Each structure stands twice: as structure tokens, then as C-alpha cells.
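These notes open a run of structures that come right after.
The same chain A turns up in both complexes below, where it pairs with chain B and then with chain C.
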Partner chain A sequence: MTAPKSTPALELRDLSVAYRTGGVELPVLRGVSFAIAPGETYGLVGESGCGKSTAAFAALRALARNGAISGGRVLVDGQDITNLDPAGLRQLRLSKVSMVYQDPGRALNPSMTVGRQIAEVYEAAGTRRADALARAEAMLAKVRIPGTGRVMTAFPHQLSGGMQQRVVIAMALAKNPTLLVLDEPTTGLDATVEAEVLDLIVALKGEFATSVLFISHNLAIIERMCDRIGVLYAGSLVEEGPGAELLSRPLHPYTMRLLRCLPAAGRRKSDGRLDTIPGFLPPLGSIQTGCVFAPRCDFADAVCRTVAPPPVRIGGQTARCHHIDLATTLRRAGPEAAVPAPPTVSSDARPALQVDGVSKTFRVGPHALRAVSDVSLTLLTGETLGLVGESGSGKTTLARLLLGLTAPDAGGTIELDGQKVAGQAKRRSRADQKALQIVFQNPDSALNRSHTVRHLIERSLSRLAGLFGHKRAERLAALVSAVRLTDRHLPMRPRQLSGGLKQRVAIARAFAGDPRVVICDEPTSALDVSVQAAILNLLAELQGGAGVSYVFISHDLGVVRYLSDRIAVLYLGRIMEIGPAEDVFNGPHHPYTEALLSAVPDLADRHRGDKRIRLSGEMPSPLAPPPGCVFNSRCPRKMGAICETEEPTMHTDTGHAIRCHLPQDALGRRGGPPPPERAASRSHAAVPA
Partner chain B sequence: MLARFARQAGRRLGLAVLTLALLSVVVFAGAQVLPGDVGRAILGPLADPDAVAAINHEVGADRPAIETYFTWIGHFLVGDMGRSYTFRTPVAPFVGTALLNSLKLAAVAFVIVVPLSIGAGVYAAMRAGQWQDRAISVVSLSLTVVPEFVSSIALILVLGIWLRWLPISASTRPGTPVLEQLRHLILPALPLVIVLFGYIARMARAGTLEALDSDYARTAVLKGLPQRTVIVRHVLGNALLPTITVVAAQVGYMIGGLVVVESLFRYQGIGSLILNAARGKDFPMLEAGILTVGAIFVATTLVADSLYTVLNPRLREGGR
Partner chain C sequence: MTATSLAAADGGLPPAAAAHADPAAEPFATAPSRAARLLRSPSFMVGAVIVLFWVFCAVFGPLVVPHDPYGDDLLNTLAPPSAAHWFGTDQIGRDIFSRVIVGARPILSVAPLATLVATVAGTTLGLLTGYVGGWLDSLIGRLIEVLLALPLIVVALLVLVALGPSSSTVIGVIGIIFTPLIARTVRSAVLSERSLDYVSAAELRGEGALHIMFVEILPNVLPPILVETTVRLGYAIFTVASLSFLGFGIQPPSADWGLAISENYGMMTGGYWWTVSFAAAATASLVVGVNLVADGVQAVFE
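Then we have the complex of A and B:
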């Protein structure tokens, strides 16, 4: 509290928060202290359940009904708000603090127009209705929304996710707050939209001179956005420091472990298993003494379990660890258990699945919606085909076609091991049905909540493999150990399991009938990085053992690259590029692939600078795809009239096919010098590295 | 989008008409299979068989059922509900009077129960987990399980006979001022209020609770809006959507399902009309009464559905 300039926008002093459930106080945050300087962006990372969101809500005094600050203080712009009365809180929220959270669709009132919802902020501060509406429209323009007039009178559900999040950001910035809290603001969005929203936040931060508390589980995004980073584990701030240093030279074993869970750039399943963090997040309040990370730490000793580690300061970084000297060695260690997985695709592998000219047209009133258009691909035995593309590109529809959940249009064929299968699952033979299985993104909705794990897996064994009695028991035991569950889990019900364990049950079910092809639809998107690593390891392992093929759908390109042998890129239901994973990543790329790849923040490639390719506008409606090349309306490399009139054919080069009019050598490559005409199409907005 | 809405409305209307057509068949068939013949029922057990046959011929009971059905429904559609066997006069005026009486009673009950129960539900949600919430839950749940005849008798005893606050009889002489008529309807309306209170209050509580916990309500709070604005503008608008449709769907019951209450309070509503017609084997009256109630049920359901569509922008504008 010296000169007014240096008053932190937010300061947490030894803050503790507890939730009360069933008469028991569960500590969620324990003695967390940090400060955000004016204009600074502070990132908070950690796995789910570590208390990130709780810290954010506590900072705004907006905790859930059963939560309360049990110790410490919260200061906003120098003002102690820990015990502020409701009137004071309202004043604070009117002018100083704002928040944006993960799902913009739910953050907006579904029954009010966008314009009214933004204008409300001004009206609350005393502006007259007409002025408030005018200022709301101006604010929409500031968050780069085209056609503000139309959006003003729209209801939230009429906007895309990216547009909705812009509206929420506009609402948050309308009061020109001192502190803006962003809680996973881009987590539900596509990579390209995510990149746009992040750009917008960076630009607006400059315009509004706002301090930001940025919460994310995505380390690469945190790295890109934040000046300083705090790492939360089990409600304690275990490490803090300037962004680049903390992520390149972490001090705390947890931070290091977290970083090593991510598939490093270019890492493949053949390079060996991914690191995981053994064990589980401790239940709330279970660790009363010592270091919270001790039960999962490689270096924990008696001291760690009894004495809470004091903060140790090295340079600008602070970590709470007794063994910082030892811990730094972990950073240098190579990948653990370097047992390279055997290559799963043998050179004489036969096609497991052959898709030829498959399309799917939905009828929407009088219109025809071509969700999947003339897709042909081959999946070899033991091979993984990654399927990437923005939402609406037809990934999931294609998966449903393969499974027979949706009947394809007449004309195309799907062959399994050389035998044609029926379009609809109910017309397929039992053998065909069990040969094609799926693992969904959300195991919660895929598993019947009222059944035990044992019942769930046994049922699949009976139905898919036709096993009963002691044969079934034998197979159950083998399957359970293959997915790394234990007998202890068998009598449990899904709600008693963590997300990762539930996904293991779902995987066990998919493998019950010895499938030929398993479709994995975003199987790790809802999971934390450490759990994601474990599931990816499991999938790679099962593939090596069973020779099963995967169709792997994910928006996380790092994950796709790790697991896939080949990759297909979809746009508006068409395959734009297909080829061996390394070729797709290294180029030559289709311009769309190039844009997708450049949108992903990459931890290893932090000095990439401004090489992002921004796609203009949103994906066109599949009801009215652009004529010619469907990508022409957003293509930064559009050649001219030919793109609008003629649909390019796939030009192919040793199994790597690209649907583009550009000649092969004019296409972009990873790291290669961009062709001269490309410079103009790059965006000029500067992104601080 | 308008076309889509019109198509939806058209389909619902078609379904409604189909429902009523089926109901008319069932009602007609029911009247046919009831024991005893019409002439006998009208003239009594000692009447001359020739006279009975003559009556049967006059009302058309000796013709094939299909033919009778189509004659009846044909007349019905042009507003001719037939002649009462008992009174030997057209049925329509009886049905009209009874329907008007039922509407009055329903209106009184509606005006009492809707604000009361929605208010209680919203209040309970805002005090969720506290003693006020528990009290409202316990009271509303206990009231719901009390059958109408029990609550009616209790209310008559306490409010009508002991305290003498309200008149016991619902009927009034012709020419009574409207306000006085309404005063007579309060006591009969209360059992309905008791039946519906818990149901509507619980719907309102659940909806409000969900909206209060929603992200958009939190957004509104974090905007710094006054609590009143948050509740009225952001919470209630979304919370009461399902409740409103539930309430609208109850109107059918409030008009046509009140046989017990009407007979206890000696009120000539459509419920007692149906009951008396069934007792006297007055088939035209019975059929007209049931079809009228059926039409009201179907119409209110239709209104409830359309209301939900109109009030919910997501449905009104069509999906994304």
C-alpha cells in the first residue's frame, strides 16, 4: 500500500476457503497468497479439483452457497472485501470486477436478447435505456463482432460458441473493470475459435488496461497469455513465478510432473509411454500435516509428511518444497520406463476397414444438409487414423456412419475385413456389431449409473462375446487388469469413480468382444493432463496387444499426433487432406490443415512469434456450402476464380493426398520459409510471445 | 421460422381433433353398452312395451349403432347437442349454464392458487434449506395428499358452520350481484387450491432453484444488479416457464374434474351435470357433457404447449 500505482488489482493474503457438505467443513483452499499487479495477467493452473475456480469465486466473493472464506483476506484494488456487506459488494461488482466463465452458452440468459443483457450493465450504473443500448452496440463492435445490429436483437442460442463468448467478454468489459477473471474462457471452443478469442483478450487487455486472473488447465495457453503463473495443487499454491521461467525451469515436483504429462511436440506412441502422475488427488481435507503433494511425490521423505514446506525463493520463482535441489534433477531425466511400444502396423497389414464413397445427407425441412460428402478411406489392421477438424466438420457423423448408428446415403460402401457390412447397425450381424465399438468423450453419460462396474463389464462380455459362467469370470479378470482397474473397483458404481477410472470402464466395455475397430470420440477431452496421459498409454498398450485399429477423433492435435499413424482432416464433411501423421504435420499441408496447426499454442515452440494463420469468419453452413472448393470462403491462400468454380481433386503423393488447386510445391510446410505471397494473408495483430 | 411454427401448431391442432374424435367414439360406445334400454329407462319398469318401443324408435335407439353415431356426431358438429331424455328439451342450454358455472368456480380457484403457490415456491427456493423452505415443503406436500372431500368437509365445518365467515352453498339465486356470487364460490374453491397448491409450488421451487444456481444468474449478480432485478428479470423469467405450462394444463381438471366438490357444495357445474346424466341414463346429456369436458382438456393442453413455445425463445426461433 505505497504509491497508488503499485496497489495490486487483486491480492489474496493467506486465503482459506471451505465448503460445508453434510455438516462437515471441507477445506478447498489453504493459505493461498498471491497478488496481481495493475495491468498484469496472472495465470492459475492445476488439475480439476485443485481449487482454481474456488480461488476465482472467492476473489469476487461469489462462492457457492455452502462455501465460505474461513481465513485470510481478499483485497481488490487495495480495498479489503473479505467482510464487505451486500451493498458494498454490489458497488464493487458494478465498477471493479468482472468474470467470464467456461461455457458462454450458459453464462447468458437464454430468454433475453444480447443487446439487453449488455445494456443492463450500463443501466445498473445509472445510464438511461437508450444510451445504454447505444453503448452496448459500441461494445459489441469493440469485441470485433460483425453486424452488431443483428447481434443486438439476437437471442444467445442464435449465436455460435465463439460469438457467445465474445458477447460475454463484452459484458464483462462494459464496466471497464480493474480486475477481469477468466475461468477457462476457451475450453469448450474449437482450436481456431479459441485462438481468435485469445487474440481478442490480448488486444482488449491493452485497450482497457485491465488486470487479468486467467484460469486454465491448458499449460500452453497459460504460457501464451500470462505474465506470471501460480500452480495450485490440492488447494495450496505450490509454485509461483514468471510465466516463461516457471514453465521452462519448474522448481516444484508437481509442476514438473504436470509438464511431462503432455505429449511433447513430435512425440509418437512408438517413442514410448507418456509420463503420468501416479496416484490420485487427495480427498479434500485428508492431508492435515506436511506437504500436500507428498503422497504422490518421488522425493517425499519423513520430513515432507510431517512439516509443511516453507516457500523457497529462487530468482523470481517461489516454490513450496523441501527438496528443490533434488527436484531439479527430475527435470533432466529422460522419459521414464523407455519401453518403446512395438510398431502396431506390420508392413503386410491388411485393411481392417475400407470406406468407399460414403455420404450422409440429412433433411432439414426442404433443404439437404450434406454432413459427410463422398468420404473414402482405408484403415489397416493395428493402425490408428486420427480424425481432425473444427466442430461441424462431420467427424462425429462419420463415426456414427462407421458404427451404423446413422444410415449412409445409397451408393457408398463400408467393408470390414473385405466383407461389406450393412449401413444400419440393426441390420448388421452380431459379429459385425461387436467388431466395431466406440469410446465416448463423456463416460458419465455412456455408463448406466445404477449398475456396478462388474455388472457393466459382464453385460458387455455376455452380449458381445457371448460368454457366461466361469469363462466370463476369467475374461473379466483379464480385461479388468488390462485396463488397469483392480478388483476393488468392481463393486463400485460409476459415481464413485473418477473421470479417468470411468473412462477405463468404458474402454473395457468396448474391448469386451475383441473388436476389430474402436472409434475413440474425444476420449480424453474431459480429462486432466495426467489422466489423459494414462488413458493414451492404455489405448496404445491395448492396441499393441490386440492388433485393434482405432479411429481417433480429437481436437487436441498434440494428442492426435501422439497416437495416430495416419491423419485425415475434415472440413464441411469432406476429407481435405489424408496421409501419414508425420507428413500431415510436416507438410506440405492443405491450407486448412496449416491454419489448424498454427492455431494451437505449443509449449515447445514458444519463440514461434506471430506465425499464426487466422481464418476469416466462421465455417459456412453445411446447408449452403460454397461452390467450388468448400474452403474457398475462408482460405488465406485462395488462388482466384478456379477455387470458386471447380472442386479440386485429391492430388496424391505416396499416400499423402491433399484436396487443393495449389501445386504441391506451393503448399506450406512446417518450419519452411513461407512462400512470398503468403505474407500478405497473415494477420498483422501482434501477439506478445 | 414462422412457417415452422405454423406447421407445428397445425400438427398439434390435428392431433387435438383426432383425440376428440376418438373420445366421441368411446363416449358413444360407452353409452351403447350401458345396461338397460333407453325407453325403459325413461318410462320406468312398469311401462307398456309398445310405448317403450315407440320411444326407442323416436330417439333412434332401434337403428344400427354406426348410423346413430354419425347422425349424432353430425348434429353435434353443427351445434345441435340433441334433446335430453329426462327433460325432453334441448341439451345445449343445460351444458352452457353448467359450463359457465364451472368456469366461474375455476376462475376463483385459479386467482387464489396461482399467485399463492408460485409465490410460496419462489420464496422457498430463495430460502432453500432454511426453515421457511422446509415449512413450505411440508405444508404443501401434506395438503396435496388430502382428498378433496376431506378438505371440503373440514372447510365447511370450520369456515362455514363454526366461524360463519363464508356461505356454505355455492349456488346463488338468479340475479345475485357478481361480487356476492364470487363470495359464495370462495369456500368451494379452497379444496381445489389445496389440491393444486403443493403441485404448483413444488414446480415453481424446483424451477427457481435451478435458475438461481445457473451461470446466467451468477452473471447477473456479478454485473452488480440489485437482487430484485436479478430475481425478477433473470431468474423468474426462466424459472417459471415450466410452471406456467403446468398451471395451464391444470385448467382442464379445474373445469371438468370437480364432481365431488360440486356435489358437496350443491353447485350446478359440468361435473354434476355429467354425474346426474349418467345416473338418469340421459345419454345425449352425458355425451354432450363429456365431449365438452374433453374439448376443454384438449384446448387447454394445446394452449399450454403453445404458451411454452411462445415464451421460450429457443423454441420460438427454431434451433441453431
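Then we have the complex of A and C:
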């Protein structure tokens, strides 16, 4: 079956894995088969809980203590490792397979220097200590770490997240493995850092000729990185095939629906609702017969519920579906015409929130950390302002300032409907408190796990809306149905709800007092794609009904674009650009915005190729921001000395303001020419457009 | 686009919604509750049986004992264990078996009350220092450290000497001595809760500090408080017995175990082992029983 020359680096044959909890076997993977050819990158996608990581651990025979391979075989480089003894397993992990985990901070030993940790890999393979250290340093250079000598003696916590992940990749590649498993390697990283790490993986793959199993929930990243893609759903591989074909012509209804949940590039809330996948991921092992997707599938019939679909091969693609012929006709989730488009912001809308010159300085020992610096913005009634920026840019601090959870520095003002509000929430009047509410990023943290859904919402109704008795009960019923919860959710506690439902409770709570402004702090980043779409739909709908304004914080530019009327881009606590969403996206835009947009892989924008802009270096410490323009240390369009000495002012003449010395026509725009190489821009004073 | 179709987008309970397989064929739906896990823990069950035995003795002891535990029998002093007196008799002929059974009452009223005092005071202090923080935290934190640095029994003795021995003084003293330990545990649990967003959400609703501490945070820190309380109860029993032995705790003619050991340990050298051994064994078994319960609780709640 396998020719000797092309033995797959990894082959799973009808692999089943089960976990034992409380005396019960839970099947996590069922009959998964795929093979990764030498030098190939194989992507495994799926939503959380579908078995991606289990597949990775099974490939390394590193399952958790209560997990076991219950059927099928795992072959690495032609060797059957399903029943390998501990000595053989050690040999396998020593030389043939390695893994890169999601969180590099936890994958590295905090009490060992980076150099020692990498050297260990060589020493385990029998290299002498001095040689091992030298080879470790050479390996660091290969993962493009500048100043390898310094990094060798550094401890992991002294490195940034991106650098840590490079070190983990260096360790993984040190033994020149046949198979490299990457489990969500960039999920915890910022967009610009993520782009760099992905570039690095692509480059290293060429140098090391390693086969890669790449696991991610992000379809765009998978599309960019992988030759072949497998789609996992509820422990079954529902579809697999060559990357480009699978994503442009998916065969399985699940793949198709998953792709449609993403806000496509340029799609706006006024264009209508996003598609969702009705129903839920079935609990482990609940579906014993038939197709795992049948309960949520439009085409499911009696056959689907009783007979497990056989793999059907079309071209290079394989899908497990009884109705492959129907898949291409998959209709949208809801009739679009029936959806009232949210009203666009009327031209005479009054400002709901006005922020003028607000700053926040934290004291870190003897130093002053300026987390938010002189931010001014206006939010109209019914408008959504998107807040974008990398971690450490001050997005969350700004949100906390607006809410009054953090007191601002003296000087700035926050006005609500023209009335100045107190800096701290506890000093604010009840009217101000109920007017400014928040939906937090993580509903597990935001909802008190000891309280029932009923208590959580009722308490807000009493405190914020001042309602009691049957008036409160009426309002509760209205609110619960507005966020698409039902009465049977009321007596439940948060842990009994799925992530999406929890977020709905949090949204209901924020809307209890008819707020003027709701701050949404990454409300969908903890959710799966299909649930994210449902929550975005809900937010858009509530806004249309209540005329509420949103400050929408997100690192996902597609999501921000879908929901936002205007967008503000933050860097080191300063607004670098603010303007109507379309103008910010299409340009002319600030060089930082340009880099951010360029860093994000986009499914709809396949052929951008090498036009990507990569920011050099890391975000400077907010303790010591660069003089002049704070972005000058990384700016690909830096003009020259003026950028280092003078802080640019905002061009505020139009509705679209940019904090840059460059004239409008020299700024980048969508589809426009990329900035010149950084080395060239340094030697010349000005860069002509 | 009805409400129900939208609710289905991610609505409903996961187990109830999707499965088309027979719901009865889902044996794995929920993890066993904490109570069920406690009942399956061998150490908890053994400990609970021991503790419940002594609780029974404390409550019903006087009704079931074969002899009057306080009645002397001067013709039958220091009799070794026999059919008539299973554990023998003491210096003035009192039945030791009856005294051991009845002796559970003083220790099982004083020690739990002392632990309760410490739990209430310690939880309040822990919530205050953990939630309010700032100078209050620094001040109370220093006081707690000072209290923890003092040797427990010595402080208790000094207070009892000053105030005179009585059950209520013992409860108060042990309560105060154990308060800092519980406060410290509660404070660290509160600190990790305070950083969660539900506390911010409560502040944004304009909730007062008392509501946030006792309604929002307290229910979430109950498990560590429960664990700490059961552990402390074991120590409290030991401390009460020690104080009685030293003569500053429960006073004669009570049948208290510590007191019994104190009154009779001089007789050991004469070969009258039964006057001391049974009271000592009773104390030990109660402490061991409480500690086994604490182990079980700790394993389930932490």
C-alpha cells in the first residue's frame, strides 16, 4: 500500500481513542484515518471539544493518564507505535517526533535558562555538553532570534510570548524530527507576532524537510499553512482533502456551515445576519449510530440517523456524508429578507459619550507607566466604535476608565449625554451607572458561579432599573427572550450552560438597565466560530432595537469590521488612527493599521502573497515609550529624524484622523504599493509615495 | 426567524439538545456531585463513623450508661476491668466506662463551639482584608502575624489564669487563637476571587462592599472555609483536652477525658493502667476521626 520511498511521516489507521472518567469510557476519537506524506503540512481543524488535541497526543502516544487507544493503529515513519514499550517510546520521542504547545510560557521550564533547555535535547541524544550548548545557540539563530548569546542565558519569563514560542520551536526542531506537531502554536499571540511565527514555520519547514501536523481552530491560518486539511467534528474526520480545494469547494455540510459562520471580508452588520450552525456539539459518545452531524444538518434523513456514512471520494477530497450531491446547494441559515437591517446611525445623532484628554498612569515602583495617553473620542447614539490594537496597547485600560473601574488621571473628562460623570463607578449616580455597562471577555469570570441565571439578571434589574415584584418579573421575561434564552435556563447556574449561553446571560445583565453605552471587551474571543456568529447577530439586533452605542474591543479585525461604524486603532495607549470603519480598512491608513491589516490571514484574500508587511522588533515597553512618534521604532514607512523627535498631531480635518507625519497621499492604502524595505527607509529622509 | 429557531443557534442545554440517540443510553451525563464523592471516600466514611459514635455518646450518653458516672463506690476503688465494670473503676470507685461515654459531651460542646467562633471571626476578617485591602489589610495582616508567632498553649494558659477557667473562657480563647489561621486561608481565597470580573460587574451595578463580600464572594470561598474548619476542629479537640489536662480547662467533677487523665496519671506507675488508657484512647480516636473526615473533605473540595 505504501511505496518504500514515500512512507508517510504519520499515519492514523481507523484510530479510536477513549477517556475513562468516573468508570465510564467516553469515546473522543472514532475511526480517524489520515496520512501525512514526508515534507507535507497537514492541518486539523475543528471547534473546541472535537478531538483535535487528542489526535495530536495520540500521534505521540502522550495521551492523558485516563486516555487510551481503543482501536486502530498509529504509524510514525512506517513504525507501528500503537503498542510500543516505554523504551521504544522514549527512542521515538528522542529522535522522530516533537511537539509545540499552545502556551509557550508553560511549555518552558521557568527555572532553567533557554540555552540549557535547548542543549538538553542534544544531550539526551548523546552530544557532549559543550557541543550541545554550541548547537543550541546555532539552533536559536535558525529560528531568527536576534542576539542569541543574550537569549541563551535568559530565563523564559524574560522573553516575550513570540520569542518564547520561537524557543519552543527551536527545541522541537533541534532533533530534526520526522514529524512536528504544532497544537495551536499562535493562538495566544498578537496578530503581528502570530504572522511572524507563521512565516518562521513556513521557512523552517523548507530547511528541515519535516512533516507537520498543524492543529488550529482558525481556518484562515490553516488555509495559509497547510497542504492538506482534515476537518474534525465530534471525534470523526468528516472531510479531508487538499487545502485550497477543501476550503473553496467543501463537500461536507459541516465544513460548509463552518465557513459560512465567519464574517466574510467586507461584510457589515447592515448586510444582514451571519450564518450560524443550529444546535450543539453532541456530548461525547451520545451518537452511537449514524452520522455525527445529523442532529444539526439540514439534509439529515432516516438513513443519516441510522447508518454511519462511508467515506466518499471526489477528486482528492474525501467526505463522510450520505448527501454529498446536495451539499453544494446548502441554503443559508435564515431567510435574509426577514431580517430588519439595523438602522445606520442617523446624521443628526447626538453624542452619547464624549471622552476628552483622558489618561491613566500606573506607578510601577519608581516608574510611571502611561497605559492610556491623552485619548479623546466621541461616540454617537446608536453607533459602534471598534477598538483595535495588540495586547498592551491600552484597550482594556481604556474600557475600565470609561466604566469607572479604574480612576483616570486628573485632567481628562468623560461626558455622558453632555453631562460630566465621576471618574470612579462608586461615585457615579445610579443613572450613570446603568447607562455604562460592559460585556466581559470571559463569561466564566464575569458570572458569579454561585448564583442562578435568574438571580444574576434579577439583581441587575433591581439595582440598575430599580424594578421589583411583578414589574421585575415582566422585564425579566422580556430580557430573557430578547437574548434568546428560555425560562428553563433561569434556575441553572453558569457551569450548566455552554459558553455561548453564558455570554447571553452576561449580555442580558448588561442590558438590564437600558444602557446608553455598552462596552464589549472581546465578547466572542472565548467562543467557537459558530457561537461567535450567533452572539454577533444578537449584539447587532439588540443595538437596532435599543439605540444603544457600543465600544467594541477585539483583536479579530473581521469581527470588528462586521460590527463597527467607526474604528479607533490604539498603540502604546495612544489613538493612532480613528475614522469610519471603511476608511480605516481601505486607507489611506496609519502605517501601524496597515501592518495590522496585513498580518491577519484572510480566507477571502488568498492571493495577497508576499505583499505582507512585517513589523520589525517588539512593541516597546510602555514604561519607556520611544520619543517622538511612539511607533517610529517599528514603522515600515518611517520618514526620518522628525519621527524620532516630534510627536505627530492628528490630522483631524476630516472624520478620519491619523497620527502620522506623512502626508495623506504618502500613506498606504488597500491594494496600494507596500512600504519599501525598512533598511532603505532609514537612510533617506523622506520616502516618496 | 422565530425566537425558537434563533435560540437553537446555541440555545438549550447541551445534553438535552442534540442527541438523537436514546437519552436513557447516556450514562455519563453528569460528574458525580460532591456529596456523592464524599460518601465514596473511605477515609471520610471511617472518620464519620467514629465521629458520629462520639456524637451519639455526647447526646445520649447519660441515658445509656450502665452506672452513674458521678456516683462513687468507696468499697470498690481502683477495680480492674471486669464484667461489672468493663473499664474498671477509678480512685473513688466511679465506673470508668460510664465516665468515658459521658465524657464525650464536654469536649464535643466546647471544641466545636470554639471552632465556630474562629470560623465566623476568621471568615469576616479574611473577607475584609482580602476585599478591602490597602491599609486595613496591612494592619490586620500584621496583627495576625503577631498572633501566629505566639505559642498557642502558653497564650491560652495566660488568658485562663487571668480570667479563671471556665468552659466559655476556653471557647473564647481557642476561638481567638484559631481566628488568624482561618482568616489567612479565607484572605488568600478572596484575593483570587476579587480579580474575577463578576466582582467588577457588581461594582458597576453600584453594589456596596458588604453585598460584594458576603453575597458575591462568600459563596465561592465556602469550600476552602469548610476544609479549614474541619482541620481546625481536630486541633481544637486536642487543645481542649490539653487544657483540661493542665487543669485550666473543664473543671471537676466533669467526666471530661483530659481531666480524667490529669486526675489519674499518677496511678499509672502503680499498675492501674485502666484509669488513664481508656480516656486517652477516646481522645485519640476522636481526633483521628475528625482528621479522617477532614482528609475526605479536603480531597473532595480542593
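What we mean here is this: the second predicted complex is superposed on the first by the 656 of 689 C-alpha atoms of A that agree within 3 Å, B and C clash if a C-alpha of one lies under 4 Å from a C-alpha of the other, contacts with A are read in each partner's own complex, and residues count from 1 in each chain.
Going forward, a residue touches a chain if its C-beta (ideal position, glycine included) is under 8 Å from a C-beta of that chain, and two chains touch if they have at least 3 such contacts.
Computed from a predicted structure; not experimentally measured.
Participant: One more residue to check, A:534. First (chain B), second (chain C), both or neither?
Facilitator: In the superposition, A:534 touches chain C alone.
Participant: In the overlaid three-chain picture, which partner chain does A:163 touch, first (chain B) or second (chain C), both, or neither?
Facilitator: Touch partners of A:163: none, neither chain B nor chain C.
Participant: With both complexes superposed on chain A, which partner does A:24 reach: first (chain B), second (chain C), both or neither?
Facilitator: The second partner, chain C, only.
Participant: Taking the superposition as given, does A:12 touch the first partner, chain B, the second, chain C, both, or neither?
Facilitator: Neither partner.
Participant: Identify the partner contact of A:286: answer first if only chain B is touched, second if only chain C is, both if each is, neither if none is.
Facilitator: Second partner only, chain C.
Participant: Considering only touches as defined above, state whether A:261 meets chain B (first), chain C (second), both or neither.
Facilitator: It touches nothing on chain B or chain C.
Participant: More residues of chain A in touch with chain C or with chain B?
Facilitator: For chain A, the partner with the higher number of touched residues is C.
Participant: If you stack the two complexes on chain A, which partner ends up touching A:120: first (chain B), second (chain C), both, or neither?
Facilitator: first
Participant: Just checking: does A:526 make contact with chain B only, chain C only, both, or neither of them? Give me first, second, both or neither.
Facilitator: After superposing on A, A:526 lies clear of both chain B and chain C.
Participant: Can you list the residues of chain A that touch chain B in one structure and chain C in the other?
Facilitator: Residues common to the chain A contacts of chain C and of chain B do not exist here, since the sets are disjoint.
Participant: In their complex, what parts of chain A are in touch with chain C?
Facilitator: Interface residues on the chain A side: 21-22, 24, 26, 276-290, 294-296, 305, 333-335, 338-339, 403-405, 425-426, 428, 430, 433, 436-438, 440-442, 445-451, 459-460, 463-464, 481, 484-486, 488, 492, 496-498, 500-501, 509, 530-531, 533-534, 537.
Participant: What residues of chain C sit close enough to touch chain A in their complex?
Facilitator: Its residues touching chain A are 1, 3, 5-15, 17-21, 25-29, 31-32, 196-198, 200-207, 216, 219-220.
Participant: How about chain A: which of its residues touch chain B in the complex?
Facilitator: Residue positions touching the partner: 60, 62, 65, 86, 90-95, 97-99, 101, 103, 106-112, 120-121, 124-125, 155, 157-158, 160, 168, 171, 175, 365.
Participant: With touch defined as at the start, can you tell me which chain B residues reach chain A in the complex?
Facilitator: 4, 128-129, 214-216, 218-227, 229, 233-234, 237-238, 241, 311-314, 317, 319-320
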